[in-house]
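As structure tokens, here come the structures.
You will see chain A twice below: alongside chain B first, and alongside chain C after that.
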Partner chain A sequence: MEGDEILMQNIKNILSSYETEYIEDYKTVWIKTKLLKSGDLLEVAKALKENGLRTISTVSATDFLEENKIEMNYFFEDLLTKRNCWLKCDIPREIELCVIDSITPLFVGASWHEREVFSMFGVKFTNHPDLRPIIVSQDFYGKTPFRKDFDWDAHEADIVTNMNTIVDSFANEELENDKKLDPHGSEMILNWGPTHPASGPIRLKVHCDGEEVLGIDPDIGFVWRALEHLVTKKDFIGAIVAVERLCFMDNINSMVGYCQAVEEIAGVEITEFAKYMRVVLGEVARLSSHMMGMAGVYNALGLHTVMMWNMDMREFFLDFLESYSGARIATAAIEPGGVRYSLEPKMLEELQKALDKFDATKEDIRSIFVKNPTMKLRGAKIGIISADEVLDYALCGVVARASGVKTDIRIDEPYGAYANITMDYITQESGSAQDRMIQIFAEMEQSVDIIKQAKKHIEAKVASAEFDLTKDHMVKVPKKLPKGEAISRVEWARGEVLMHLVTAEKATSPYRLKLKAPSFNHTMMLNHLLEGKTLSDIPLIFGSLYICQGDLDR
Partner chain B sequence: MDMIFNIVVFPGLLYVLLWTVALFWFFRKFMAALHKRVGPSFNGPAGSLQTLFDLSKLLTKESITPKGVNPYLFSIMPLLAATIAMLPTALIPWTPNLTVVSSQYALLGLVVLIGIEPFLLFLTGFGSDNKYSFLGGIRILTQMISMETSFFLAALSPALLFGTMNLNSIVEQSTWMSFWILFPGFLLYFVALLGLLEQPPFNIPDAEQEIVYGFYTEYSGTNYFLLKLAEFAEFMAVFAGAATLFLGGFRGLFFDNYFCLFIKMILIAIFMMTIRASTPRITMKQMLNFSWSYLVPLSLLNLAWIMLAKIFILGGVA
Partner chain C sequence: MIFQLIAKVFRVSKALFIKSPATQDVRTHVMHQAERYRGEHRIDYETCIGCDACDKICPTHAITMKHLPFKKQNIVPEVNLSVCIFCGLCEDVCPTKPEKSIILSGGRYDMLSGGWHEDQNQFWVHVDIPQSYIDSRLEEEEAARVKKELAAKKKAAQGEKE
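Now for the complex of A and B:
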């Protein structure tokens, strides 16, 4: 522990040489600080990077209309020694003055996050190499949809013009492509999506020469629901249904992250039983997501058997979720203050059935699909992500661990009952597409192990009457929350989800909720991974990055 | 009169249609079992009428011809593909007494008719004026060139062993001994068949995750139906070819008739489907490497083995 403290002290020393409003410890692994001068940002970021904080989790802006400022939040992380720094600074709100230095030249992983802030808040980043709007459709270009004074109704009212803007810009893009490409050459631009059999709602503009890929420019935002804006229109409990739609495949863990942030601001400690229930439900959701994720790698290669076999198992886990919450997919089962429903013993029987089914099937899947020789031929040498790239691009979850980086929020910054669970980092070595598929399977086994531990604990405590199933699941959280802010990180099925929640005084709904979701960073990698590869590698690499458009666009 | 029966009923048009409907249903049902699914189950016993309904639906739907293509080329290619794919049925000895065209060059006719089919599909892709179809067309041509070499070499090994290209006499001369001698040839034929029929792991030309459906992309309605018919007629020609050349055709353990041939064809289909359910797709480069570095040299070695076997096991040059 002492070594960690010295490392933390190093960060504080660096920060104290700049003008700051405060430097304080936040939770166990964070240092929170606010710079007085936004011009210092680049130097501070450089110093932090030299000190080992190489990863930028996300860049988030908060619009304070009354104070006439935009507050920038930078979340720097060190995935190796688990020290993190939450850096804030204010910039003016006027659109011409709303300018800050880009940290993308130092942290490549910040690129899309800064583009997102640019599209949503109109913050201009100087020296950003590629500051184009992202996520939003063309009718939002030059507007600032997430600012508090943006008039959504006026924007929606002009729907015909908006649609024409989008259609015209696609037509223009096609014309420009025709100009750019030699009509007699073999180069072309393929639209890989958004209605492609393997793409999902994302469009990769694939610039290719025959089968060879020259470059990829992902066009995202086809399922943009403005979730971060939507939650501010709901009360704190109503917001969970927006948060869980980050991606329905693992809906529980995203709700856990949001609820933890609310509980932190409200100052509420949930019961031990609720903590264990969050672990059980979260791991079941993780399993149901991983089963689809592993299948996704094989679907990309035209083999659907894995998906069907995994679906067969997944049904049993969904049966448990259904018996608990009444819904199979969008469960809305986690609420600020605990878990929504009480537990009945027969629900645990459903869970046991699912666990038995998994144990009965897993060896078949391992021998046929995890050790598949054709998969090895295809995936062992393709899509390789080195540990350095993981740190630079802020990759997380399955993708990071498949490259041998030991990062897992459940262990790094334990939440819920994970502190009492015996678990270890699972990693692979080479970080290839095949390794990511193997990693997903290994984590499925880990999840089942965690569920078994938690279930055993719950059953023991119920037997000794320490848990009261009928009323332990919830503690009261006030409807109105004080002014405050909190960040909460959870290990979601795809990796780190960071939620930054800001509340106003006597708030009944969130003032600002930033959702940092893993697929955004993973999609940022695509051009880097696919340049110079062939068309056949696109679906495999795309599938193995375990991308879900739900959390990509939000 | 016989001729008209042969063309319209067996082994002509109706038979191919029935085969297409039935095999399509069998593929779906068998694949469903491997997938732990149910498969089609509502229409008819065990869903057996489902594919008939599907095909009749396709027949009645509009065939959309994209803007900017030559409509004649676009629409005639599926028809041509279906017709050519059906022709090999005339050469196959279905029963001891029924071979529509019995010729001493039947084997040659069979491999040529099977061999030009991918070229027609390439033209469908070429005529679609679609980037994905074009890529699919290029892929199918590449695959055809590299897979057909070993396919032909493997298919000709029975001719070399028996000294005839007449399919009837190949069937008649086959014995258990010749089956084992031809077994390596059969394996090579089977692997090349997977490539020729675009089955996993060689389903590269119509890889939907990469290039949508390749040459199929722009086709719909009747034209799509004809292309599917061509595909299944091609299955039949290739399976029947394999059964005739290597597995003794219509000859069975206890009696000789059509059902012995049918069972052999279905066994090959089952084997193909099982590979389909457990093997992901490989890339173009890997396919080329596999074909030219392993499959073609092995096919040549196989010819040497047939010659040696003929001299030393079957006793001399015929």
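Now for the complex of A and C:
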């Protein structure tokens, strides 16, 4: 047996000592299992952790109204040896009875995910250290918006009362802070955001003593659009416009993830041309996201030139997206069954123009900004994330790789045409704020390299008439899907996006879609990273984590 | 060292000699016009078959169907541009051939530029149908109805004979 198989067998051996409904292989790197007793969860989790699966990607609940149960899904991952375990168990649906052990004491990274399930489904986690509602505003406290029987219309109708609830709770919070903190002392609670120029719509409640940060409590949910609920109201094609709004900066890859899940349930294999187009479009979107992310951080440092240069380059890539799809930002260009539009050869010329622009500008950016002295002075010693913390908090993407962890879904679990593309892990060593910026720039170069490979392949196949540009982009996906579920992971601009799609019998719209987005985990780190630092470090560390509120709140 | 420095300064200073395209007024001259650009909708009431598919797929409910005084094909879409997200799904599902009845690709890019809009109504794609078209359609329907009645009568008369 090969090394990987032995490791997979180990997981199966652990699981088989508990009562399970089934233990089966799922895709290449997953083992899927369902526990019969939810009480076993903590022990299983502990055993898995000891076996190396020390990262929890997300916790997701699915509400089955007719079967009167809530199904919990845990996605355990091992970022080092690339073995993963998808663990399920049922708990009763009644609000008093839906209780399960919290795994947060074992996996710190599960903390916010469990809080999210608590606020959306009302599942109570025993022994959770800090079980407060998250994401939802105060008027949703104690309600369960993502349960199938939640009455959105009734909630909407009562908007005035809801508004007052929110306002009152802000006022109460202020009063409590006044009582708690000595009015003559130097301690105070500072609101960083939601309208700070470097923050985006997030409010960090910074407990500080003068300049020094004592602790940070992020208040998130300012752009909560309930995307996971919205997709269940649309058909499988219409859902792409909700999924792409995970974050506009890299909208293509989120749609790719969703479409892969739909195609898996429908049992449809897309054409090779569509696979390559998804790579090209995805990398273009990744580039445009990286350019903007990098620009934002340097902006916070007062170095505005890099933003101008990056935005200038980005326009060329957006020109390509516009020519291809008809929109620069919200492209809606990926549909279940392939890519939405046919390609015209002149679009590839436009892409070449963008690549040339990048090649012409990159040396300027590298020589002036990548090892910029201001960045070095301010960023090289703060915001340091160790490789252990990456594994514990389930960090991913740029942040994880900047700390030296070799994780990249494009290589770990290749999807689409990535299996045919030559690429390697790019990592940095120290994991500081500066390293993350160096990493972003290095990944931009990698993306350009990938685009060039894919473009070359497409051009060669077009020349040999193996790709028919006018009709190869789409295969038909049935309107009604069978009952099933699938998970799909993609390497998004900011890291791993995991989508868990559940469909009912003869479904015309998704029954449940869980979007696990990277910023959620990264924001969880903030308190840990900023404790003991000064107020002026907040924009830099926050920015360097490459957080977008779109996927933070969903 | 000095040479490198000069090379750097030279490379950066080349920016001074590039004629910046940013001096164009984007309200009047578009920087990049794509053929597929998803702009304002154009609705063809003559070919629209009133199937309601665009209304059904619209993710933001931006489309309302306007009722027409006909018996068949009696609805036609109107789009609220303040709600529309320009995803283009309505165009995708439109079944009419060869030209789609609702098209946004190749639409106007300068929708929002060019002064103030006082009225929300200016952000609607309304379908203005001339009275002459309505009259001719009504006449056609009337003629078809009369023809059908006559045919039915004739058939009934034939049946009696036999």
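Just so we're on the same page, the second predicted complex is superposed on the first by the 553 of 554 C-alpha atoms of A that agree within 3 Å, B and C clash if a C-alpha of one lies under 4 Å from a C-alpha of the other, contacts with A are read in each partner's own complex, and residues count from 1 in each chain.
One rule holds in what follows: contacts are C-beta pairs under 8 Å (C-beta built on N, C-alpha and C of every residue); 3 or more make two chains touch, one makes a residue touch a chain.
Note that the structure is predicted; figures quoted are calculated from it, not measured.
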Three-chain arrangement built on chain A, chain B and chain C clash or fit: fit
Chain B versus chain C as contact partner of A:M375, first or second or both or neither: first
Once both complexes are placed on the shared chain, angle at chain A toward chain B and chain C, C-alpha, multiple of 10 degrees: 90
Partner chain(s) touched by A:L214 [first = chain B, second = chain C, both, neither]: neither
Touched partner set for A:L42, first chain B, second chain C, both or neither: neither
Dominant toucher of chain A (residue count), chain B or chain C: B
First, second, both or neither for A:I23, with chain B first and chain C second: neither
Which of chain B and chain C A:D364 touches, first, second, both or neither: second
Distance in angstrom between the closest Cα atoms of chain C and chain B, superposition on A: 5
Chain B and chain C contact sites that coincide on chain A, given as residue numbers: 368
Chain A-touching residues of chain B, taken from the complex the two chains share: 34-37, 131-132, 135, 138, 200-201, 203-204, 207-213, 277-286
For the chain A and chain C complex, residues of the former touching the latter: 234-235, 237-238, 240-242, 315, 319, 322-327, 330, 332, 340-341, 363-364, 367-368
For the chain A and chain B complex, residues of the former touching the latter: 188, 190, 196-198, 210-211, 298-305, 308-309, 312, 368, 372, 374-375, 377-378, 534-539
Touching residues on chain C, where the partner in the complex is chain A: 8, 11-12, 31-32, 34-38, 57-59, 85-89, 92, 104-105
